[in-house]
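Just so it is clear, A, B, C and D label the chains in written order, and each chain counts residues from 1 on its own.
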Amino acid sequence: MYSFANDYSEGAHPRILEAMMNTNLEQNPGYGKDGHCERAAGLIRKECGREDIDVHFIPGGTQTNLLAIARALRPHEAVISAETGHINCHETGAVEATGHKILTIPSADGKIHAAEVSKLIRQHNAEFTVHPKLVYLSNTTELGTQYTKQELEELSHLCRLNHLYLFLDGARLASALTNASNDITLEDLAALTDLFYIGGTKNGALFGEALVIVNPELKSHFRYHLKQRGAMLAKGWLLGLQFETLFTDGLYYELGQHANEMAGILRAGFKDCGFSFLSDTASNQIFPIVSAKLAETLAKEYTFETERVFDNGDMAIRFVTSWATPEKAVRDFVSYLKNCN
Amino acid sequence: MYSFANDYSEGAHPRILEAMMNTNLEQNPGYGKDGHCERAAGLIRKECGREDIDVHFIPGGTQTNLLAIARALRPHEAVISAETGHINCHETGAVEATGHKILTIPSADGKIHAAEVSKLIRQHNAEFTVHPKLVYLSNTTELGTQYTKQELEELSHLCRLNHLYLFLDGARLASALTNASNDITLEDLAALTDLFYIGGTKNGALFGEALVIVNPELKSHFRYHLKQRGAMLAKGWLLGLQFETLFTDGLYYELGQHANEMAGILRAGFKDCGFSFLSDTASNQIFPIVSAKLAETLAKEYTFETERVFDNGDMAIRFVTSWATPEKAVRDFVSYLKNCN
Amino acid sequence: MYSFANDYSEGAHPRILEAMMNTNLEQNPGYGKDGHCERAAGLIRKECGREDIDVHFIPGGTQTNLLAIARALRPHEAVISAETGHINCHETGAVEATGHKILTIPSADGKIHAAEVSKLIRQHNAEFTVHPKLVYLSNTTELGTQYTKQELEELSHLCRLNHLYLFLDGARLASALTNASNDITLEDLAALTDLFYIGGTKNGALFGEALVIVNPELKSHFRYHLKQRGAMLAKGWLLGLQFETLFTDGLYYELGQHANEMAGILRAGFKDCGFSFLSDTASNQIFPIVSAKLAETLAKEYTFETERVFDNGDMAIRFVTSWATPEKAVRDFVSYLKNCN
Amino acid sequence: MYSFANDYSEGAHPRILEAMMNTNLEQNPGYGKDGHCERAAGLIRKECGREDIDVHFIPGGTQTNLLAIARALRPHEAVISAETGHINCHETGAVEATGHKILTIPSADGKIHAAEVSKLIRQHNAEFTVHPKLVYLSNTTELGTQYTKQELEELSHLCRLNHLYLFLDGARLASALTNASNDITLEDLAALTDLFYIGGTKNGALFGEALVIVNPELKSHFRYHLKQRGAMLAKGWLLGLQFETLFTDGLYYELGQHANEMAGILRAGFKDCGFSFLSDTASNQIFPIVSAKLAETLAKEYTFETERVFDNGDMAIRFVTSWATPEKAVRDFVSYLKNCN
């Protein structure tokens, strides 16, 4: 039984484990005030093409989202997100638990656009409604889609005109930055957003996300917030060490690219068999639409998630690949699929 | 420069790293719903002598404290803690950030007693004050001291009479359970408290605490809270794997005992030189009181923290040992101390 | 310029002012522990046909909503509301500020139904989503519509089956209970909901709402919550005194009925002129749909709100009547309307 | 049985009730956007000697405190207060419920001083502690004492140097500003604090406090906060109307002065009999120390509160006078006291 259920089913890339072994008995200062974190931050600053950004390493994605948002907002301020956004559907109300409402925009493909944000802002301009102050995006999105540079520029422009912060959740940023459809770089993100994060958990780390704070208004006292929300890891160098490894010799990109290539083989397999997809992706997630019967047959040998069930009984099922997916596994799957079909 | 600054300066015990290496490419379900977590929970249940307890694995201690407390309390309810309690002084207001007041009891040695709790409850019985509902202890305490079984029994009895929850923070529980002065077992904790945690971070794990929920009132939906506060690790089996290793062949106790023995050598060294201590400990923390001049000399070769500065300029300084402290390091230090003195 | 903008444009019914004058120099205990509050609670218990309910008097409606909801919910629990619900659109995120997400149901007429609630519950049954625990209704709704007894019974039944609380916001309950289409009594509300409130502000009081808590689980320590949220009025007897007056000689119902009758005259006037309405109401709010030109003309002599602007430029405008609306004012308006048309 | 239990036992000053009667059928815009609020704000601006301040009218004191503090602070920031401060002891954890810790300074007389604040700031300068950001004072204090202008200047100076906000709770400000020991004016408060409030509830209003925001950083979007916390009264003009009346012809000061004079007669009575006091006050609260036996005798005819019970059984009891206290009541009490003694 092989699992395509997600991109965090295995441990860490061997180079990361090796770095941990090699440094295991080093004595490091706690709480992220160590040399590994400092070097990792330096590598990320270089990749972003600027020195004036803060980098914080945080164990998990939900933590990173709630921290970034709660740091940025005053009590009366709200977040704008796609209805399908991770913070809206998959984090058990973590943002609301910090006191903030999420205003949602319906989205078929997981993305939101400047015009929709603009409309929603105009609808919330009275003191008996919350005050929209931050736009939340993910790239790639929950549906595996991704933003173009132009879309991001339009959102960024709108946010700046309207004094909103733009925050990009990059849990799957490696897959976004390294696929064939992408025209965005880390430099672009540092130029166009106020803060964003570079996901490690879903790209070869044991755990860890790197939050990049660009907007100077959001920098001060961030470490107090880290500690208050329980997100300041005692052995913080473990986070730095992992990102140091990921951003040495391009490993971060290499792993994203591998995941994308493996998904590409699956995608081609489904296309060859004539299946359509719930969303049009170039990343490490695909959502083919299959009959319930085929889904059942596939589930005998493979693990995957069901994204949606249609009225006619057909299903959109989700396959996710990762840095750890062997080419043999995807080729075997395609053969199996072709036999089933 | 050797550091006695704390017990989380190094990585993990080699057996833990080895377990990680060996399982690195296993495909595990995410979020703690895997076999390692299940087995680790089973080992802890066995150690506690009962099957009817829930065990949750959480990346860090502040998270564990805020989760346990926020799960237990209604908005108008408050925590009782020693003034020196970790939640009161060292967690950046994490408990208050979840909406709850901490009522404090002054404490010279870090411990609180049933009579003091009883008095404080009587002082807070009107609707314009918060309603005390949970007593927070740590064992060992911030000052390295520890509770006797009788003290715990008295607190437990008082809490049950008054419908208060008793929560014990066991970040340094391994050191507490394995030193010469201890008369408490995990079975006792499961019998006397409503919930408590077994610290991994300070006892040989890369990270991780095991929260044990005994009181059935506090069990339901706890995983929702985990997710909401960003404490549900994606690769959750990493936590289970570490506790599985710690509770195999008594490693957890072995590491605590080693830390205590290393502290014992330091303690004896200071005693031999005639120093007194801020608190009377049998655990892995000692707080000798030295002149500012001596502290400065020691700081040339060793890292440690200053706990308190007295009016006459003398200082209580803190030395902490761990599973990773080599006997040579403590013997070298004692020699250095004797030379300085 | 006469205002139909809302039902809280004037002070209090003369009998209420008179009661205030007559008791002004009475010395009363503070915080609602006085004889007036006790008598008012008794009158409301009698009206509800049962003695086993708690009654609390609270200065305002938003306070009452946030208090009722925050008292009822644990951190991971959520509210279900119509998308148009007052708590979702008109209270500046007050519920989210207490930490809870609102899950919404689209609604054309402001009402929600058991089948929709049932579907939403089934969609939120995993630990990465919030846990729906309370259904929020208002009667009449934001669009002036109202529930039938059968609809309430179905919602109540569903909630009990699924362990959800049912909470009814009765800011405009007087208008709901006294119009021609109504088949619900206070006794029904006490039988079918877990808690509900009887609005005073919009029915002749200077300010004040009476929260009725039926479900014993929600009763304890409610006054602590009142104080904590700043809702325990120092001169609390002022609230009791007003409800004592409203529930003496049926004044509460009399005022609701008057408001409904005045709205009926407006409604008939618009109908006579051939206008349709955004929602079908029998209560003190009407939402005729008129051309922008007519709206402009009406606005020269009358104040009212715009509820919605349609693509063709037509508008749904809102007229609200109250206990204080003189019959002459509505008759004058109808004449003016007929002249304009 | 006459009550000296507090200064909010009666309704409103007759001029206020009269104003309500006279305007009862005026149609006013809701939520404080009416002419009465505007005029009242103007009168307060004039009294403060400056036009560049914002004035908001809020139903109650606890609401005002929690709103002012929650508006001013970021999640990691904390309040500094006397241990006896109203927000620390008498508001059921209202400040903590908004997420903020209160750091306390022990105080025998209810006041805190610049040197103590300075020390506490120095003790809280690390990221594992909360960040002190606002100093909370009350004038008069819970023990009826009051600040001198010099003390306020020192606190103000310290706060500005250290980037802390200074907030003064003026629930009993009328009594503070009008007694013989006072050397402070509203102009001084507007010059020395960042925000403060002028209490109405305890000085002749039915309810209501006027929050004055001086610091421009704290002004924006305050009305959103009012609404979110349920503190924006629907018939908001009732608040404006009361303050309009209080600040016409000096009524506000006149009422404070009367309360002080009545307390002066009580104070002199106790002094004549040789009693000492818990605190040295010139305001409308006195705390004579009496035997338990005398307290019992007094309680047969009068209502008052017990502030403290000493080890020898003696008690500090509290007498409070108000705008409504008749001279006959205090003279009668003094006679009764002299007879008892």
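Everything below uses one rule, namely that contacts are C-beta pairs under 8 Å (C-beta built on N, C-alpha and C of every residue); 3 or more make two chains touch, one makes a residue touch a chain.
Chain labels with UniProt names: A, B, C, D = L-threonine aldolase.
Since this is a predicted model, take the numbers as computed values, not measurements.
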item	value
Farthest-lying chain, centroid of Cα atoms versus that of chain B (L-threonine aldolase)	C
Magnitude of the superposing rotation for chain B (L-threonine aldolase) and chain C (L-threonine aldolase) (Cα, nearest 5°)	180
Geometric centre distance via CA averages, chain C (L-threonine aldolase)-chain B (L-threonine aldolase), whole Å	50
Where chain A (L-threonine aldolase) and chain C (L-threonine aldolase) are represented by their mean Cα positions, the distance between them in whole Å	43
Between chain A (L-threonine aldolase) and chain B (L-threonine aldolase), centroid-to-centroid distance (C-alpha), Å	34
Residue numbers of chain C (L-threonine aldolase) (touch at least two other chains)	75-76, 91-93, 97-99, 127-128, 130, 224-225, 227-228
In the complex, chain A (L-threonine aldolase) residues that touch chain B (L-threonine aldolase)	2-3, 5-6, 8-12, 14, 17, 20-21, 23-30, 59-67, 91-94, 97, 201-202, 206-207, 224-225, 227-235, 238, 324
Touch list for chain D (L-threonine aldolase) against partner chain A (L-threonine aldolase), complex	70-71, 74-76, 98-99, 127-128, 130-131, 221, 223-228
Residue ranges of chain C (L-threonine aldolase) touching chain A (L-threonine aldolase) (in the complex, touch as defined)	75-76, 78, 89-93, 96-102, 127-130
